[in-house]
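Some structures to go through are shown next.
In the two assemblies presented below, chain A is common to both, partnered first by chain B and then by chain C.
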Partner chain A sequence: MHSVIRIILQRLALGLLTLFVVSVVIFTAVNMLPGDFAQAILGQGATPEAVDAIRKDLGLDQPPVTRYFQWLGGALQGDLGNSFAQANFASFVGADSGVRTTVAQQIAPRFANTMFLAAVTACIAVPVSLVLGILAALFRNSVFDRATNVTTLTSISSPEFFLAYVLILFLAVLNPMLPSLSNIFEGMSFGERLEKTLLPALTLTLVVTAHMMRMTRAAIINLLASPYIEMARLKGLSPMRVIVKHALPNALAPIINVIALNLAYLITGVVVVEVVFVYPGIGQLFVDSVKIRDIPVVQACCLIFAAAYILLNLLADILSILSNPRLRHPK
Partner chain B sequence: MTRISRRGLLKTGAAAGVLAASGLPLRAQQRGGTLRLGLAGANTSDSWDSRTHSDSYMIMAAHGAVFDCLTEVAANGELVGELAESWEASADAVTWTFKLRQGVTFHNGKAFGADDVLDSLQMHTAEGAKSAAKPIVENIAEMKKINDHEVEFTLKAGNADFPFLLSDYHICIYPSGQIEEAIAQGIGTGLYKVESFDPGVRTLLSRVDSHYKDGKSGWFDSVEMIAINDSSARMNALMTGQVDAVNRVDFKTEPLMRANPMINIFEVTGNQHFTFPMLTNVDPFTNLKVRQALKHAVDRQELVDKILLGHGAVANDNPIGPANQYFADDIEMNDYDPDKAAALLKEAGLDGLSIDLSAANAAFPGAVDASQLYQASAKAAGININVVQEPDDGYWSNVWLKKPWCACYWSGRATEDWMFSTAYESGVPWNDTGWENARFQELLLTARAELDSDKRREQYREMQMLVSKEGGTVIPMYANFVDAHSNKLTNSGIIGNVFQMDSSRMIERWWFA
Partner chain C sequence: MSTLLTLALILVAVAAGGWVLRFAGQKASGNAPTFRDMPFAVAFGYVFGASLLIFSIWYFFQPTQTDAGVPNAGVVFFRWAVQFFIVSAIAAFLFRALGRTVGTKGSRKLFRQMPLTASFGVLVVILYAFTAVFAAWLAPHGQEEIFTKVNVLPGGNAATGGDPLHPLGTDQIGRDLLSRLIYGAQNTVGIAFVTTCLAFFLGGSLGFLAATLQGWLDQILSRAVDVLMAIPSLIFALLLMTIASAWAGSERWLLTVYMIIIIAVIDSTRVFRLARAVGLNIVVMDYIEAAKLRGEGLGYLIFKEILPNATAPLLAEFGLRFCFVFLTIASLSFLGVGIQPPLADWGTMVRDSAQFINFAAFSPLTAALPLLAAGAIALLTVGVNFVVDWMLHRSSGLKE
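After this line comes the complex of A and B, so read on.
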C-alpha cells in the first residue's frame, strides 16, 4: 500500500505544479486579449478618464507581473479575490460602500449547478455505456453490435449544439415532453430541477457514451482470447457469466480511466450545452466573464477545470491500481 | 384621436394626468398571471445602479418595473407625469417647478418626497461619479426644495426639453439616505418589487399591493425575467412556450417565427440608427466634397434589404428619427448616384480616392458585411474603400473616435436637442466626427430655449438639413426594434418606439388576454 500512497503524493505535487502553470497561461492569455474590463464594461462610454478611474479602482493600472503575484499570494491563502463584475466602483457610486462579492461567492452556486448536471449525466451515461459495451462484446459482430456502434459514433461525431437542437426538436417542440429551457434556480424542488436538467443531461450523455461504451467493448473482447477465458468456457459457463464474472474485472482498469476522463469532460466541457439550454452553471459564467475580462473569475474557473481533470485522473489511476492485484502487490 | 402637441403639454403638465385617464384602452385589461420574459442584454456585472445601465435587461427591470422617474414617455409619445404630477416653466425655460405625487412609498415603506428627488439627481454629479446622465443633471444650476412635494430647478441655460430629459432611464428616483441599500437590493417606487435578483441569470419581481398607477398599468401578479443572451436559445424558449415574450428577434429566423400561429412579432421603427462617422479634421474628410461624394456612394436600400433583411428604413444621414417630434422627412435624399459621387470627387480636385473603413460587428450587427456592400457600391464611383476588420473587443476604446472612418451605432434620443448635443455639438466628447458648424451651433442654442413649437420645428429642420448635407456622418439606415410575444399576451394597441419591448415598459403596460 505504501507505493500507492507515494504515487498519490507524487501526483498531487505534480497536480499543484500543473495548476500553477495553468494559472500563468490563463493570466497571460487573458491579458493578451484586446481590451480590458474597464473598456468592456464602459462600452461606447469609455472615455479615457472613466477607463482610468475603473482601472485604478481595480488595480488594473499596475503592471501584469505585480498583479499576477498579488493574485497568487491571495490564492495560496485561499482567497481567490473579488469579482470585477460585482465590484462596487467608487467611481460609479461616488463613495465606496465597501461591499464586495468574492469570486468564491459568485462561483459556488454555479459550480454546484454544474456538478448537479454532471451527476445526472453520469447516472445515466455510465450505466448505459457499461451495459451497452458488455452487450456489444457479448453479441459482437451481430446486428445489435453494429447498430450500437453506428449510433454512438454518430452522436459523438456531431457537434454538441447540433445534438442539443435535435433533442429540442424531438423532445420539446414536436413532442412537448421536456422543457427546452433549463433555468434552474435556488428553491426549486428536486423533481422540477431534475426535469429541467434532463435535456442537457441527455445531450451530454449522447456526447460521452460512445467513448465509454467502445472502450468497455474493446477491453472485454481483448481479454476473450486469453487462456483463462477459454478455460472458463470449457468449464461450460454461460457466455454472460464468462464476460461479467471473468473478463470484466480484468478489463476494469482501462474502463475506469475512460470513465474518469469523460466525467472530467462533464465538468469542463459543458460550456456549449449550458449556453444552448440557458443552464446557469459554471460554463456560462466562464463565457460571461471572459467577455468582460473579469480576470479573477476566469482564473478561478480555469483552476476548477484543471483541478477537476487532475483529481479525476488521479482517482482513475488509484482505482485501476486497486483493481489490479499485480499492481497492488508489486514484487 | 386628437393629437395634443407634446410641447403644449410641457408648459403645464397638469393635463397629463387627465390625458392618461382619457386614453381609454381598446381591450379590457385584467390582473393576474406570471409574465415570463426571455431577454438578451444581461450581464454578470448588472446591478440596480441606474447610472450604469446601458443594456436592455436592466433597463426593463429598473426603469420599466422597479423604479420610477419623474416623467414618462407614454406609448403614444406623449410626455406624462410619473412621480411628478405636473410641472411649469418660466418664459425663458430656465426655471422649472415640479409638483410631486403625494402618498407614494418606496418598497421598504419610506415615504417619497422632495429630498428623494434632490438626492437622486445629485447621484449623477457626485465627485467622481460616472453617469451617462451627467450632462443632463450638470445643466441644473440650483435645485431647491420648496416643500415636501414641490421642487424648483434653475437651469444654467434655458431648455424646453427639460421634463423630457427627466424621463431618461438613467435618472431613476432612489430613497434619500438609503441610496446604497436601494442600489444593493433594488428599492424603488415602481409597480414591481424585487423578490430575487441573480445578475446575468434571473430576476423575480412581484406586484406591490397598491400603487398610484393602479387601474392604468401593472396587470401581472409577478414577473420572471430570464437572461438568455444566446439568440437561438431565446427564440426556442418562445417557440416552446417556456417564456411569454422575447426581445431582439433574430432576423434570420424571423420568417419561421412569423409562420407560428402562437407567436406575434411586433416591430417598431424608432430612432436607432447605424452610422459611418468620418473624422472631419483628418484628410481627406476635411473636404466637404469628399464627404458628399461618400454620401452618394452608398446604396442605402441595399443595406436595409441585406443587412437588416427589411427590418428598418432608409435614413438620409440624419440622426433624428421617426420617433422624434420634429423629424424632417422632406429633406432631399442623398441617394445612390455613382456619377454624381465621381463628379463631386472631381470638384474636390481628386482623381479617384482610396480610403480605409474600420469595422467590427461590435459596432452593429452586420457592420462588416455592410462595409463590404459599401465598398462594392462605391467602386462604381471610382472610390476604393479598403475594409479593415477590427477586433470586437475594445472597439469603442480603440477604433471609434480614433480611426478616421469607422462603423458605429446610436440608439437615438427622445429629443432632437439631446441627440444633437450628445454627438453633433462642437467640442462634446462623443462628437464622433469632430464636425463644427457655426450656424448649426447657433441654432442648437436658440432652439433649446425656444418654447414656440412652430419656430422650433423650423430651427430643427434647418439643423437636420445641415447635418445631412454637410455633416461628417453617413447614416444609411434606421434599424427597427423587433421583438416577439406569445398570443396569450396583449396590449393597448399602441406600442412605444423609444426603445425595444414597448419602450422597455412591457411589464407595466401589457396583460394576459
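After this line comes the complex of A and C, so read on.
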C-alpha cells in the first residue's frame, strides 16, 4: 500500500509542476501582445496621463516577473483580477462609483453551469457507451457491430456544430420537444434546467459516446483470446457471462482511462456547443472575451480549462494504476 | 411526457415481438438450433431492425405536402437523407467495381479487399481534391463577386423568391452561395492541407532529430511538447488567436497566415510524439549502425534511412491529423476567429446561415443551407476517417 501512495504523490507533484509551467506559458503568451493593455483599452487618441493612470491601476508599471507572481498569487486565492469589459473606467476621470465586476464574479456562475452540462452529459454518455461497447463485443462482426461501428465513426468525425444543428432540426424545429436555446438563469427549478440543458448534453453525448464505446469494445475483444477466457468458455458459461464477469474486470483499466480522457475532452469540447445553444457557460464567455480581447478573462478561462484538463488526466492516470495490480508494482 | 410513454410502449411491443418470433420459430422449425439457442437479445434485435425498416419505408412514401400546400418538412428531410445514403452506397459500390477491373495488379488487389466504407472514403477524398483544384472552373461565379439581388432564396424558382442564376440563392450582401460553397473546398480544405503539411514537417523532422541525437536535445524538446500538450488544443489556439488578431491589426489575410502557423505548431506536438516513438524503434536497427559507421551525415540518416521506414504509421497519422486540423479550423471559423472574409469558407457559412434552420417547417430548402455547409465539413472528415480506420485495421490485425 505504501508504494501506491508514493506513486500517487509523485503523479500529483508532477501535475502541479505541469500546471505551474502551463500558467507561465499562458502568462508569457498574453504578454506578447503588442503595446500594452492600457494602450489597447484607450485606443489611439489617449493622453499619456490617462495611459499612465490605467497602467498604474492595473499594475502594468511593475516588471513582468513581479506581475506574474501577483497574478498567480491572486489566482490561488480566487482573485483573478478585473475584467476590462466590466471595468469602470469612470474612475480615471474622477467619477469612481466604486463598483467593479471581478473576473471571479463573472466566471463563478458560468463555471457552475458548465459543470452541470458536463455532469448531465457524463450521466447519459457513460452508461450508454458501456452497454453499447459490451453489446458490440458480444455480437462482434455481426450486422449490429458493423452498424454501430459506422455510426460511431461518423459521429466522432463530424464537427460538433453539425451534430448540434441536426439535433436542433429534428428535436427542436420539426418535432418541438426540446428548446433550441438554453437560456438558463438563477432560481430555475431543477427540472426546467435539465430540460434546457438536454439538447446540448445530447450533442456532447454523441461526440464522446462513440470514442468510449469503441474503446470498451476494443479492450474487451483484445482479452477474448486469453487462455482464461477460453477456460471460462469451456466451462460452458454463456457468452454474456464470460464478457461481463471475466473479461470486463480486466478491461476496466483502459476503459476508466478513456472515460476520464473524454471527460477532460468534455470540459474543452463545450466551447463550440455552448456557442451553438447560447448556453451561459464558461466556454461562451471565453469565446466572447477572445473576440473583444478581454485579456484577464481570457487568461483566467484558459487557466481554468488547463487545470481541469490536467486534473482529469491525472485522475485517469491514478485510477488506471489503482485498477491494475501490474502497474501498482512496477518491476 | 407523452413522447417518453410512446417510446416505452414501442420498446415493450418490440420486446414482446422478439419473444413471439423466437417462440414461433422454435415451434415451426421443430426446435432447430438457430431458434433453440437464440438469445433473447438477438431476437429483439431482429424485430427491432425489421420494424425500423418497415417504418422507414412507410415514412419515405408519405406525401411531401399536406393538402393545404404546406410542406411536410420531416418527410422532405428524411427523403433527402435516404436518397443521399442510397446514392453514396451505389457510387461507392461502382467505384470499387471500377477499381477492381482497372489499374495495376497492386491497386486491383487493394480494391478487392476494400470494404464499402473505405471505397466510399477514397471516392469522397478524390471528389474533394478535384473540387478544390478546379474550383475556379466549376463555380458559376467568383467567390467575391457581388450581385444586386440580396437574400435570394435557394431553389432557383422565381415564384418562391429564387433566381435560376443562383441555384442556392445569395447571401445578405449578394454573393452567390453555390460558388462560395465550391470555393470553400479550395479555401478550407487547402488551408487545412497546408497546415497539416507544415505540422508534419515541423513535428516529423524534430521528432526524428530527437530520436537520432537523443541526449539533452531530446529532453528539452520532449518536455516542451509535454507542456504544450497539457493545454487543450482548441483553447490554446483560441488564446493565441486573440494575440494574433492584435498583431495582425486590420490586415485580415495576415490573420489567416498566423492561424496556419499557430495550428501547425500546436498539432506538430502530436506528430513529434509519434515520429520520436517510431524513430526510436528504427535507430536501434543494424542498418542505421552501418550507415553511421560509413560516416553518413545527419540529413542522410533522417531522410534516407529513417523516413522510408516510418512511412506507413506516419501516413495513417497524416489522415487523422488532417481531420483534426480541418475540424479545428472549421471550429475557429465557426466561432468567428478563423479564416477571414472575403475568402469563402464553410465554418463561416454555417455561422452566417445558422438562423435559417428555424424556417425548416415552412421552407425545408432554406433550412438545408447551414446543414449543407456543415455537412460538407462532416463528409470529408468522415470519408478520411473511413479510409484511416480501414488502414489501421489492416495493419493491426485485431485479435478475433
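Note that the second predicted complex is superposed on the first by the 273 of 331 C-alpha atoms of A that agree within 3 Å, B and C clash if a C-alpha of one lies under 4 Å from a C-alpha of the other, contacts with A are read in each partner's own complex, and residues count from 1 in each chain.
Here is the rule we go by: a residue touches a chain if its C-beta (ideal position, glycine included) is under 8 Å from a C-beta of that chain, and two chains touch if they have at least 3 such contacts.
Quick caveat, the model's predicted, so the values are computed rather than measured.
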| task | Using the superposition described at the top, determine whether chain B or chain C touches more residues of chain A. | result | C
| query | Thinking of the overlay built on chain A, is A:Leu224 touched by chain B (first), by chain C (second), by both, or by neither? | reply | second
| query | Given the touch rule stated above, what does A:Phe305 touch, chain B (first), chain C (second), both, or neither? | reply | second
| said: According to the stated criteria, A:Leu285 is in contact with first (chain B), second (chain C), both, or neither; which is it? | reply: first
| message | For A:Val275, using the defined touch cut-off, is the partner it touches chain B, chain C, both, or neither? Pick first, second, both or neither. | response | both
| Between chain B (first) and chain C (second), which, if any, makes contact with A:Val173: first, second, both or neither? | both
| task | Answer with first, second, both or neither: which of chain B and chain C does A:Val30 touch in the superposed model? | result | second
| message | Just checking: does A:Leu181 make contact with chain B only, chain C only, both, or neither of them? Give me first, second, both or neither. | response | first
| Touching partner for A:Ile156 - first (chain B), second (chain C), both, neither | second
| said: Output check: A:Gly191 vs chain B and chain C. Expected answer is one of first, second, both, neither. What do you get? | reply: neither
| field | chain A residues contacted in one complex by chain B, in the other by chain C | value | 33-34, 40, 165, 168, 173, 180, 275-276, 293
| remark: Residue positions on chain B within touch of chain A in the complex are 38, 43-45, 47, 49, 51-52, 54, 123, 126-130, 132, 180, 183-184, 196, 198-202, 226-230, 232-233, 236-237, 239-243, 391, 393-398, 400, 429-430
| query | chain A touches which residues of chain C in the complex? | reply | 3, 39, 41-42, 45, 49, 73-74, 77, 117, 226-228, 230-232, 234-236, 238-243, 245-247, 323, 327, 330-331, 334-337, 350, 354, 357-358, 360-361, 367, 370-371, 374-375, 377-378, 381-382, 384-386, 389, 398-400
| query | Where on chain A is chain B touching in the complex? | reply | 33-36, 39-47, 50-51, 53-54, 83-86, 88-95, 97, 99, 106, 165, 168, 172-173, 176, 179-181, 183, 185-186, 275-278, 280, 285, 288-289, 292-294, 297
| message | Using the touch definition from the top, list the residues of chain A that touch chain C in their complex. | response | 18-19, 21-22, 25-26, 29-30, 32-34, 40, 135, 138-140, 143-144, 150, 153-154, 156-162, 165-166, 168-170, 173-175, 177, 180, 218, 221-222, 224-225, 238-240, 264-265, 267-269, 271-272, 275-276, 286-287, 290-291, 293, 295, 298, 301-302, 305-306, 309-310, 313
